[in-house]
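Both of the next two complexes hold subunit A, though its partner changes from subunit B to subunit C.
Up next, the complex of A and B:
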C-alpha cells in the first residue's frame, strides 16, 4: 500500500515536472546554493514570479504560456555550461545566467546557436555594441555606466570637484570586478582624483587585510563591486574601522537588503547605484501578491517582494516578456523561435505609458533598443539604506552617465573582440 | 565461470607481459576502443559531450597525471589546479601568439611548459616529504593563480582578465570555438586520452615506473640499490605536470572556451582531482579513469534523477547531491580503502571462481 502511494506520488511528480510543449521557454540558470546564493535566490524568485504572474493574470504572452525551467549553477562556470546544454533542447528563447563568468562562456555559444543572451547590469560591457555582438543585450545599464554614475554622485556630494580626492575600488577579483577598472582610470584622469584598486578573492569572507589597507590609505570614498557574501563582510568591516557609510557606494549588485542587514544600525547611510525603482509601492507587486504568492505559486516563500534584488529579477523578466511580445508582433505569430526573439529584443521599445500599463510606472527608464545600441540609455539613480526603517530609498533622480568616456571604451573593446574572432560589423 | 583464464596459454615472455594478459580482458578492451572510436561519435550530441564525455576524458588525463606523482612516486601534491592553469594559459598564449601553428602542437607544448614549471616547484621535494611537501605544492597552487590574475601579459591585457579560445581546426575540422561539432570535441579529447594512457601505462611498468615505486615504498632503500632520487622525483614531477598541463590546455580550449584562473583553476580543482585519484585507487591507471568517472558522472546523474526525474526544487536537489556524493565517498573509503580499482580487482577474482567458490 505504502509503495503504491509512493509510486503514484513520483509518477505525479514526473508529470508535473515535464514541461508542456510549445511554451515560451525562458530558462533560469539560477544559484540557490553556495556563497552567492543570498543574491541568486531572490533574483531567481523575481524572475520566475513575474512569468507566473503573466501566465495567471494575462493567460501568457500573446496567449502562449511562459515556462521557466530552473537549473542550478552555483555560480560555477562548468555547471553553467552543463545547464546551458541541458536547457537548450527545451526550445530556450533567451538566457539570463546572472553571472559574468558564465556570460563570457556563453557569448560565442549563443551566437552560434542563434539564441539571444540577456545580461541586464552585468556580463560583458562592450556587448552594448550591437554591431559586433549580434546576440547579446545588456540594456538598460551596464558596469561602466554604474562606475560613471557612482563618480557623478561623488562629484555632486563633494561640491562639484573631485580633484585631490582619493577613491578606492574594492572589487571581487574576477571578470566581474575587473570590468570597471579601465573606466574608473579614465574618469580619474578626467576629474583629477587619485584612484586605487583593492581586490578581494572569491568568495570574500575574509577581508581584514583589504580593510587594513583602506584604513592606511585613508580614501575619501570607497566604490564597491562585490557580490554574494563579500558584500556583507565589506559593510561589516567598514563599520568596524568606522568608515563613514555615506562615503561608501556599491554597484547595484552590492545593494541588496541582505547585504546591509547583518551590520545592523552601523550600515545606516550606505549607498548603492540602481537602474530601477526600489520598494514595493508599485501595482505590479500587489498583483504578484494576489495572483502568485496568495495562490501558492511563488518560486520562493514570497518574502522577498520589494527587496532590491527581487525587484531586479522582476524587471529583467518584464523586459524579456515585452521583447517576446514585440517579437510576436514583428513576425505575426504567437509561437516564436529564439531567432525571432532576438529580433524582438532588438526592436524593443519601452515607453512611460507601457510601464504604467504594466503596473510599474517610473520603475525604470523609457528607452529604445536599436541594431547598433544593445546597451540602453545607461541612466541610473543612487539609493541609500535606512537601517531604522529597513528600506532603501532613492536619494537622486535618474541621471545620465558619462558617455564621452564610456563610448570610446565600448568601441575599443568590441573592436578587439571583433578582430580576435573575425566578426564583420553589422547594421551598415 | 564467466570470467576465466583456463586454456589461455602463453608461449613467450612478450605475451605474458602484455597489458591485458587475459583473453577476456583483451576482448573487452578492443570492444571498448571500437565503441569509443567508431560508435559513440555517431550518436553523440551537445549535451552528452559537454556535460559527460569531455569533462570525463579531460579529468581522466589530469587524474592520470596526479596518479603518476602521488600514486606511483608517492609525492603528495595539492598544486594540480595551479598546474592546469599553467597549461591553459600557456595554450592561450601560444594560440594567440602563433595562430598558424596547429592546435595539437600547442597543446603538447603547453604540456611541456607545465612540465618545466612542475619540475621547478618539485625541487623542494628532495628536502621535504609528506605533509610538508603538500604544503609546498599548495603554495604553488596559490602563487600560480595569483600570478595569472596579477600579470596582464598572461591574458593579453583584456579588460576582464578572461582568456577566450579562438577558433582552431585539426585537418580542417573545428575543434575549438563555438562552432565545433560535438563529435570533433569528443574525438580530440579521446585521442589525447588514449595516447596519454598508453604512455602512462608503459612508463609505469618500465624501469622509470619501478624507480618511482621504489622511491614511494622506501626512499632510502631505493637509493641504496642505485635509484637516483633526484632523477626519479624530478622525472615524476615532469611527467605528471606534462599530463596535468595537457588536461588544463584541453579544459580551457576545447571544453570551456573561456576561463579565468581563480574561478576555473582554484584550490577546489586540486582537491577534486586528488579525490578522484584516492577514490579511483592510488597507483592504478584504471583507477584514474574510475575516479574521474565517479566524480564527474555522479553529480550529473543525481541532478538528472532528482530534478529532471523527481521534479525536486533545484536548491534542495543540489544540497542532496552534496550529501549523497559525500556519503558515497565515505562509504567507498570504508568498504574499500584502496579505491575503485581494488574493488574491480576483487570482483574479477570472485568472478573467476563463481559460482563454485571452493
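Up next, the complex of A and C:
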C-alpha cells in the first residue's frame, strides 16, 4: 500500500514538474437544441468522438491531446458569432460551425484573427478559391460540386442525355438553399434540360403548395437542398403524390438517416449525393466503439455510429486532425498555433494509404489541398436508402463534378468578394 | 374546364384541409385565453411535448434514459415492451392532465391577480422549460409517429375527379382524417361547454372571473380543467403534424401557424378558430398558387400574416372575437 502511495506521489510530482503542452483546441459550434437538432446532434457527436478516439488510442495528435469545447448555437447565426467570440480565446486552432449563415459572418473575423475556418460541404462555395480566401477551406466538396454531381447522376440514369427532361430544385429558402441555383442554371443550358425552382420557407413543416406545384409540373427529377424538418416533410410529401422516390435526389444535407426514417417504407429508393462513406463497416468505427463508447467517453450514447451525419462529423474531425499533424510536421513543433494550423490545412495531403492507416479505407477521396485550391477535388458518390434494411448504400463510385461549369463561377464570385473587400490575390 | 381553374380548385380544397390543421393548433390557444385571459405561448411546445410523450410511451422508451445512464453508468434505453397506440394516447393524455395540474399548482396559483403580461411572460418561460425538459426526458432524435393513420393520396377522390373533370385531384388521406377528428373534437367541446356542469362553470369563468368566484366556482379547478383540455388538443395537433414529419423539435414552431388564425378568427371563439384556420389555409395556398411564382414563391408564411392584418384593420377583435369595451 505504501509503495502504491509512493508511486502515485512520484507520478504526480513528475506531472507537475514536466512542462505540459496546451491542448489542441477544436471548438465545436454545435446545435443540440432547436429545430435543427436532429442533424446537429449526430454531427457534433461524430466530431467529438473522433478527437476522443485520437486521444484515447493514439495519445493525442503528435503527443498533444485534443480538446473539443462545445458551444450551443441552436443553428442561430447571432449565437454562432457569440460562440466564436467566447471560444477563440481558448486557443482555438480551427472552426467548423456547421452553418452557412454563421460561416458568412465568420469569414472576415477569422481572417483578421488568423484562425482557419473549415466548412466541408457547406458555407461560402467560392471560398474554394484560396487566392482570395486565405483562411477558409471547404474541401473535399462544396454545394456547387453537389449540384453538378446530382446532375451527372441524373444524366447517367437518363441514358446520357438530359435534353427534354425537366428538373425541379426544391430548396430551403435561405442563403444555403439558394447556393446551387446559378450552377444548375448553367448546367441546364449546357445539357438542355428545363430547370424550375421551388422554394420552401423555414422551417418547412408545411409544403402542400410546393408539392401540388411539383405534381402539376410533372418534372422528371427533383433535386433537394433542404435541412431540418424540411427534408422529412419533403420525402413524405413526395411519397404522398407518388413521385418516384428514385427520381428524387438530395444534397448531402438532405441525406441523413433521420430524413428518411419518418416516412418509413415510402422513402425506399430515395437518393442523396455524398462526399464520404456510409454505414459503419470501417475499422475506425470499431475503434470508436472500443475506445470511446465502451469506455463511457462518447459525446452521445453511441447509437449514431455509422449514420450519415455522424460519419460526416467523424470525417471532418479526421481531416482537421490530419491538418494539425501536417502543421506539426511543417513547423517542427507539436504545440501549434492557429496560424500554423492554417498552413497545415493548406498543405494537407490525403492518400489512400493514409486513409487505410486511419481505419477509413475508401471512406473519402484522396486529394491534396493547395494555396490556390481550398476546395478539394469535388468528387462524390450517390447513396440510396434501403428502407427495409434501414441503411444507405453507395450505388456509384466517386465521380468528378463538372469543373468546366463550376470553376468560372468560383472565379467570378470570389473576384467579386475580393473587389468588395479590397483583397489582393495571393499564391502568386 | 380550363386547366388553371381545375388547379385552383385543387389548391382550394388542399387549403381547406391545411386550414383544419392550423385550426387544431389555434383551438388550444383559444381555450386557455377564453377561460383565463392568458395567451399561452407554450401551446406549440405542449403539442411537441405531448407527441414526444406519446411516441416515448408507445415505443417503450425509458424516460430520462440519458440522464440515468450518465449518473448511474447504466445502459438502459427501452423497456422490454411496446404499448398499443390507443393505450399510449390515453396515457399521453393522462400525462398532459398531470402537466396541467402542475402548471396550475406551481405557476398559475402564484400569479393570481397579476397583470396579463406577467402571465404571458410566465408561459414564455414555461415553453422554454418544456422544450428542454422534453429533450432531457425523451431525447432530441426524430421519432417516427405511427398510430395507424392513413397517409398518401386518396385514390377514390383522384379517380372520381379524373372521371368527372379529366384531372385527378390530390387530397391527402391524413388531411381527411384530420378534418374528421377536428370536427369531432369541436363537437365534443361544444357539447361539453353547453351541456355539462363543468362546461357551464368554464363559460362562467370566461365571462366574469369575479362573478364566477362569488358563486363558488373554483378558479383553480377550472384552470386545471382548461389546461388539461388544451393539453389534449395539443396532443391531437401533435399527432396530426407529427405524422407528417416525425416527432421533432420543430413541431413546436407550428404555433406560428396558429397566430394569424387567432388574429383573424378572434382569441375567444372556437368557431372563430375553425373559420379563421380555413380562411388562412385557403388564402395562403391560393396566393402561393396564383401570385407566388411571379414573386419567387415561398409566400405562405408571410402572406398568412398579411391576410390576418387586413382583417384586423377592419375588425380588430377578429371575425368572431368579443369586442371589449372598458368604461372609465
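Keep this in mind: the second predicted complex is superposed on the first by the 407 of 428 C-alpha atoms of A that agree within 3 Å, B and C clash if a C-alpha of one lies under 4 Å from a C-alpha of the other, contacts with A are read in each partner's own complex, and residues count from 1 in each chain.
In the analysis below, contacts are C-beta pairs under 8 Å (C-beta built on N, C-alpha and C of every residue); 3 or more make two chains touch, one makes a residue touch a chain.
Note that this is a predicted model, so its numbers are computed, not measured.
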| item | value |
| --- | --- |
| Subunit A as common anchor, with subunit B and subunit C clashing or fitting | clash |
| Which of subunit B and subunit C A:261 touches, first, second, both or neither | second |
| Which superposed partner A:240 touches (first subunit B, second subunit C, both, neither) | second |
| Touched partner set for A:197, first subunit B, second subunit C, both or neither | second |
| Partner chain(s) touched by A:173 [first = subunit B, second = subunit C, both, neither] | both |
| Subunit B versus subunit C as contact partner of A:101, first or second or both or neither | first |
| Which of subunit B and subunit C A:78 touches, first, second, both or neither | first |
| First, second, both or neither for A:269, with subunit B first and subunit C second | neither |
| Which superposed partner A:33 touches (first subunit B, second subunit C, both, neither) | both |
| Among 41-49, 95-103 or 131-139 on subunit B, the segment whose C-alpha atoms clash with subunit C after superposition | 131-139 |
| Touching both subunit C and subunit B, counted on subunit A across the two superposed complexes | 32-33, 37, 41, 173, 199, 201-202 |
| Residues on subunit B engaged by subunit A in the complex (per definition of touch) | 46-47, 50-51, 55, 96, 149, 158-162, 164, 166-167, 177-179, 255-260, 262-264, 266, 300, 303, 307-311, 313-315, 317-319 |
| Subunit A-facing residues of subunit C, complex | 7, 10-11, 14-15, 17-18, 65-66, 69, 73, 77, 131-132, 135, 140-146, 151-153, 170, 172, 241, 244-246, 248-254, 257, 284-285, 288-289, 292-293, 296-298, 300-301 |
| Of subunit A, residues touching subunit C in the complex | 32-38, 41, 173, 197-203, 205-206, 208-210, 212-213, 215-216, 228-229, 232-233, 236, 239-242, 258, 261-262, 264, 266, 296, 301, 303 |
| Interface residues, subunit A side, partner subunit B - complex | 10, 13-14, 16-17, 30, 32-33, 37, 41, 70-72, 74, 76-78, 81-82, 85-86, 88-89, 100-101, 104-105, 107-109, 111-113, 124-126, 173-176, 178-179, 181-182, 199, 201-202, 413, 416, 420-421 |
